[in-house]
Structures are given as C-alpha cells and as structure tokens.
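Multiple structures follow.
Here come two complexes built around subunit A, the first alongside subunit B, the second alongside subunit C.
Moving on, here comes the complex of A and B:
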C-alpha cells in the first residue's frame, strides 16, 4: 500500500510539472486566481517552431552540442581513466581530476575567457564545446574511475594469453563489459551539457543560444508562455534518454 | 630425462626496492606438470606472469622448445595463464567462452570442437548457460576448456582450485590430470596445498624468498626437511595414534 502511494507521489511529481508547463505554453491568458487558462492557443508553438523557428533552432543546437560533448567525454574518459587507473600515480592524477570542481563553471569560464578570445573561440559552437569539455571530462573520468579494477585487468590479460590483440580485447571483451559505465557516462555528460548555463553564456557571448540559455532569456523578459514552451522542450530529451538508458542497462545486465 | 621443454635461466625481477625473484633457474620436460609451492608473496605469481609475458623480467632468459621467448608478446607465446578465479567473460555463454580463442584463430569446425570439449568436461548440456548460472566448479571447468581447446604450448595455473570446496577440488584434480595427459600438455601448477602439489605434479619446485629450488624427484622433495612433508606425516601419525588410544 505504502509503496503504491509513493509510486503515485513519484509519478505526480514528474508528470504534474510537465502538464503544468505544457498548459502554460498553450495559454494565451492565465490570470490569478483562475485554475485553468482563460484562453488557449497553439500560436506560441506554431510561431516558435515553424514561423520564426528560433526555439526549434535552439533545440537542435542544444541537441548537437550535448550529443557531441557526451560522445567525446565517453570516449576520452574511457581511455584516460584506464590510463589513470593502471598508473602508479593514480592518486595524484585523481586529485588533479577534481581540480575543476573546486571552482564553479562560471569561475572556470572567467579564467578561460582571455585564452578563448585569443584563440578566436569565444562566441561560437566549438568554443562552448571545448569549455564544457574542460568541466565534463573530469566528471566522466570520475564515473569510470571505479570501473577499472584488478579483476578487469586480469580478464584483459587473460584474453591476451588466449590470443587476442589489444584491439580484439577492447572490442570483444572490454567494451561489452563496460557498456553500463559507458551508458552512465554518456547520460551524465549529456545532462551536464544540456542544463549548462553560466559557462555557455559566458564563453558563447550570448551568440550560442542553447535551449537553456533561451529559457533564461525568456524568464528575464518575463515571457512566461515562451519560457514554458522552451522548458517543455528542455525536459523532453532527458526523459527520452533516461528511458533509453534504463533499457540499455537492463539489456546489458 | 627427456629434452627440456621450458627452460628459465638466471631470471631476476624487482619491484622498486624489493627483489621479488632472484636468479631463478627452472627446467620443465614436455608433457610434464611441475607443482610450484611457496608462501604468499614469495614470487610464484610474478614468475608465472613473466613466463606468460604479462610482466617483464629485469634479467634472465626464458626458452620454450629451445627458442627464446623473452621479447614475444603474450598473444604470440601460446602460453595460457589461469587464475584462481575462473574469470569467464560474463557477457558470453559457456559455449561462447570456450569458442573465444578458436574464433580469434579463425579455426574451422568451431561448433564441433567446442561441443567435443564440453563433452570432455562433462558439461554437454550446459553450453547455453551464462557464467552467473554456473557453480564455482563448473566455471573452473569452462575456464579449463577455454584454455585447452586452443591447444596451448604451456599451461600456467595459479592456484586454480583454491576457492573450491574439498569434494569438488578432488574431482577437479582428477579432471585436470586426465585432460593434461590426454593432450600431452606441459604445465606449471601453483598451489599452497602440499597434498595437491604431490598429486598433480610430476616434479615439484619451491619458491622461498624469491629463490627457487627444483627437486630432482618427488623422493628428493619428501626427504627435504624444509619441504614440510615430514611435519605433515608426523601430524597424521600423531592423530592416528590418538584415535587408536581413544
């Protein structure tokens, strides 16, 4: 009984904000103390997705940025963390990995800003991607850190003695075994990038308008209906990814 | 004595300041099993890993069929190192685990060879099972099958039965003897257990503080006061006397 109640509370906690935001994005007029909007419209959706297309553009920009970053982090963190895990300087490297977390992303952006301007990386997609990579890569390394252990090293060595080359061992043994860690790293890095605001705004100079940046802009403009619309689009990809993540992890087990 | 199959000469290994292996010299004849005993941390595992190519020696030569193999990669040696843990690939079934090495070799008739091996191991109907569905003894049998099916030149076993209960351990010792003699395999078998060393090995060697003593015969081993055999015999005699007095 208790678990059922908790389940309903959980579903309500997830579904209610979504329904509320969707309602707000379809409202033309919604004044206190009305429970529901007085007027409904598809105008905001039509305008932002098809006529002006600015939110749709931001959605694809965000998807491109987050998917690229998540892929890069998953691949780089996989190999770097392996190197660190089997190094005799593991402790030192892991401490260095945590340095970006001592500073907040915005402080990190202030430090990088000068060099990004020099390298002509400010205000463009590549610059924001590199800036986010500085922050997300250590995060990926931390996720993979505990995955590399003596048992996995022994399994890899055993595959060598059975005749597998380093490449064959990687493709046929290590990657299949690390699927849950790779999926987790991809998902977490995607979320870090997807909801990133300060670093993106600072290095992107407001020119790289991701969906998160757009939401903040709409809120600053007190444009509630468009902010709600952007929010709906903002929460959908993580939900889809969460669902896929769960499926892949279950299959991997 | 037959021609030397594996020959190790003056092998040294250090980890930092610690000298793990000192001037190791060892001979193994073809089709024979050498039992290697020694306390924990005495350098047994390091020696096996050096022979398999998983660690490098600081000094010394290793010859297999009179060919020096020091510079060869583990993949090129056809020497299989088996751990105490069976280390089956958890994402592959028992059948696929045995077929792993054959697939890498692009061998013919893989299904026939794997089924024949499963039959030899007494696990004909278990090929479809995943490692987490197998018992400890079954996992170790599959690990044997995976190693033996690719017909290695040399088998290195690092306390493979250490984690098994006594009944299964006895069964596995018999199975090991049968499989090794049927394929005329040469092997080095590391164990802590004196009885197991005597049952399994055609010859016995002992590592003590990084130095290796290889006995000419089992008799020479029994006669060595430091081998621990006499202490074992005395223990059982004492127990027998006590039981008779009761």
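Moving on, here comes the complex of A and C:
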C-alpha cells in the first residue's frame, strides 16, 4: 500500500514540472503571492509561433542543427568506431576518444574559440555544427564501441568467403545488422545537440539562436512566460522519442 | 565503401576530429597562460600560473564544484538505490518505466529554469508558504537559489541524475541476479538489513563506481545549471573559467586559460588512473 502511494507521489512529482511549464506558458499575469496565474492566454503561443515567429525560427534552427549533426555523427562514428574496434590499439584509441567526451562542452568551446575566430567560423551555423561535432563524435564512437564484436566480424568474414565484395558486405550485411546501433547513435547525438547550450552560445556568439539560447535570453530578460514556452518546445521532441523508444534517452545525458 | 582500402583516411579522420581539436585547443590555452600568445603577451612567463595556483578563488571554485558534484551524486544515489530496490519490477516493465524515464527528457537548462521558478523568493513554493502563513513577505523566504551552499544547483542536479541512476541500479540488480543472491543470503541466516549491507549495496556500488565517478566529473563541469542557479562567489569551475575569459579585464584571460588547462589535466588524470568506464550497465533491457 505504502509503495503504491509512493509510486503515485513519484509520478505526480515527475509530471508536475511539465504541467507547471505548460501553465506558465499560458499565463499572462502572475503576481506574488498568487499561487496560480491571474490571467490565462494563448497569445504567447500565437505570437511566438505564428505572428512574430521568433521561437518558431529557433525551433527549426535547432531541429536543422540537431538533425544535421546526428546524421554526420552516425555516419562518421560508424566507420571510425569500426576501425577502432578491430585495431590492436583499441584501448589507446578509446582513451583518446573519451577525453573530449568527458570534458565540459563549454570548456572545450573556450579552448577551441581562437581557431574558430581565426577560421571565421564563430557566430554562424557551420561553426556551431563543427564545434558540436568535436564534442558529439566521441559520444557516437562510445555508443558504437560495444556494438562491434567477434560475432559480427565472423559474419562479415563469412560474407567475404561466400564471394561478397567489401561494398556488398557493407551494404547487404553489416549495415542491416547495425541498424539498431545506428538508430540509437542518431537519436542520442540528436539529443546531445538539442540539449546543448554552453558550446553553442560560446562559439555561436549568441547569433545562432537555438531554443536553449532563446530560453537563456528570455530568462535574462525576465520574460518568464516566453521562457516557459520555449522550455515546453525543448521538452517535446525528447518526449516523442521516449514514446517511440525508451532506450534512446539513456545515454544522451 | 571499401573500408580496408581506406584505413588511412579513417585514421586521419580520427586524428583530425577527435585528437587534433583538443590538442590544438590545449596548446593555445597553455601558450596563452604562459604569456606566449595573446594581447598582453610579453614572452614566456610563469606569472599567470603562479597567480592562478595561489589565487584562493581558483581552489575555491574547484573545491566548490567537487563538493557539489559529490553531494549531488550521493543524494541521487540514495534515492536511486531506494527506488530501484523497492520498485525493480515496475521499473523494468509497466507504466512506471515511462515515468522513470520522463525526467530524462528535460535538458539541464529547462530543469534549472523550473527549479528557479519553484525555489526563488518569488517562486511557487514561496507563494504556497505565504498562503499557508509560514512567511509574511517575499523576503522572509529563505535563499534556496543563488545561495552560498549551492542548494538550488544540488536540487537541480539531483532531479537530473536520479532517474538515470535508478535505471542504472535497476539494470545492475537484474543483470547480477541480485534477487537470487539476496534469497541465498537470507536462507543462510542473514537478516534483511545484513543482506542489504553485506550483499546488495556492495555489489551495486562495485559495479557502478566508475559511472558514479564520471557523474561527479559531469556535475563538476556543468555550466547551464550554475549559470541560472549559482552566484558570483563561490562559482562552479566552468562558469568561473568562462567569466575570466570573457571579462573586460585582459589580465584575467591568461588566468582563465590556466584554469581550463588545470581542469583538463585533472579530468584526464582521473581517466588515465581509473581507466575506461564500462557501459555494459548503461544498456537497458526493457521488453
């Protein structure tokens, strides 16, 4: 009985932040000490999504950035991780890979920034994409690392024995078998980019206004209602992913 | 693509995209902190490093970040172990599993915003306290965000980490067949408390210690959460580094770079000494 009550309390506690954000995004006036907003409105949603469209623009920019990064990371991590997994220096390669993976993204941004400024990559989409790639690619390699094993290697060798070319083996054997790992890597890289703020702000110089950057801008302007709206939009895609597959959320944190 | 024909290309990509950026970035940060480059560069000097290593604020930042990391991970671990042991079956399958995962959908920025709206003096809890008569004005509510002890940062980190740890512990419990070991221990005469202390907790800790350590490092290096919920002094290390480098005082920039090099050295040392984390238990086994 007690366990059941605690479970319900937990579920309420977990759902409450989402309800709170949604409520705040629909509020117009919320003065102290009112517990609930005095006025409700759909105006913020209509304005930011349809009339002014600034949050909608950020939403599409974030989607574009995250989807491009996820595609790049999935392809690159697939080939690089395969090379690492079958290399005799696997341990060394993996340790080198883990260095950018465990460093704070904003510290990486700090030490990268000089080169990005030099290459004229600061403050634009491509620059942010490359900076995120430096951080997310090791992450993708770590995801694929456990996927390559002796069984898969044997299957690949068997396909060669049966007369398949390298291209045929890759396209007809390895990629179909790797589909779950590729999907996992894609979604997790997407989320890494989707959740990112420090590196995007530092390399993007505030000009690449992703949704996380917008949330910070609204917080700095003390514009709670729009900040809450942007937060709701930030949380929605991961919830859709959760509904599709719980596994994809695990490693993205 | 003939992978065997292109090992050099793949190797080149690895060095170009993984190793070179970090080495080049560190090289620049190190040379800046040694006075070899930068706007105020006067040639090689250890002045900035001396200053960095003897400045109280640098060590305060490191210690503060480390403390926040350890406390957050410890509290999350307590909650996670309790939930994983009590609700193990429901976590692995059933509706509760979705609710365990739900907080993972919240980016750190969003969670920090929610905590700010809850715990600030004009926040939701303050309003409830006022309505219930516990406080008579906004200022009477205790400082729970942007406070000296980092209470808000810890609360936010705990909210972000706990679901992940719960899933991790639940997976270890299942994969290590802990239920069977617990039953065996009880059959041999151990009490429930002794079984927990001598069997369950040591195995859970042993199998998760590398991940726990990594999370201490992740919390230490977090940026968004302390930026929203932290204060000017003491500062978390990432915020301190960025502020030093972005400040108008040019003399602070080499100090910021020295701090970033120190932070990287510290993290790499931990990684080299303690080895590669096992990701076996990070893979959920849900039906």
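Here, the second predicted complex is superposed on the first by the 220 of 253 C-alpha atoms of A that agree within 3 Å, B and C clash if a C-alpha of one lies under 4 Å from a C-alpha of the other, contacts with A are read in each partner's own complex, and residues count from 1 in each chain.
To be clear about the criterion, a contact is a pair of C-beta atoms (placed from the backbone, for glycine too) under 8 Å apart; a residue touches a chain by one contact, two chains touch by 3 or more.
No experiment lies behind these values; they were computed from the predicted model shown.
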Contacts of A:94 with subunit B and subunit C, given as first, second, both or neither: second
A:32 contacts which: subunit B (first), subunit C (second), both, neither? second
Could you look at A:103 and tell me whether it touches subunit B, subunit C, both or neither (first, second, both, neither)? second
May I ask you to decide whether A:195 touches subunit B, subunit C, both, or neither, giving the answer as first, second, both or neither? second
Just checking: does A:164 make contact with subunit B only, subunit C only, both, or neither of them? Give me first, second, both or neither. first
Report the partner of subunit A that touches more of its residues: subunit B or subunit C. C
I'd like to know which partner A:177 touches here: subunit B for first, subunit C for second, both or neither. first
Considering each complex separately, which residues of subunit A are in contact with subunit B in the first and with subunit C in the second? 165
In the complex, go through subunit A and note every residue touching subunit B. 151, 154-155, 157-165, 168, 172-173, 176-177
Residues on subunit C engaged by subunit A in the complex (per definition of touch): 1-5, 7, 10-11, 13-14, 17-19, 21-22, 24-26, 28-29, 83, 86-87, 90, 96-111, 113-114, 116-118, 122, 124, 126-128, 130-131, 138, 160-161, 164, 167, 214, 217-218, 220-224, 227-228, 237-238, 241-242, 245, 256-257, 260, 263-264, 267-268, 271-272, 276-277, 279-280, 282-284, 286
Contact footprint of subunit C on subunit A as seen in their complex: 3, 6-7, 10-11, 14-15, 17-18, 20-21, 24, 32-35, 76, 79-80, 82-84, 91, 93-100, 102-108, 110-112, 114-115, 133-134, 137-138, 141-142, 145-146, 165-167, 170, 194-195, 197-198, 202, 212, 215-216, 219, 224, 227-228, 231, 234-235, 238-239, 241-242, 246-247, 249-253
Subunit B residues touching subunit A in their complex are 52-54, 73-75, 77-83, 85, 87, 89-91, 100-101, 104-105, 146-147, 150
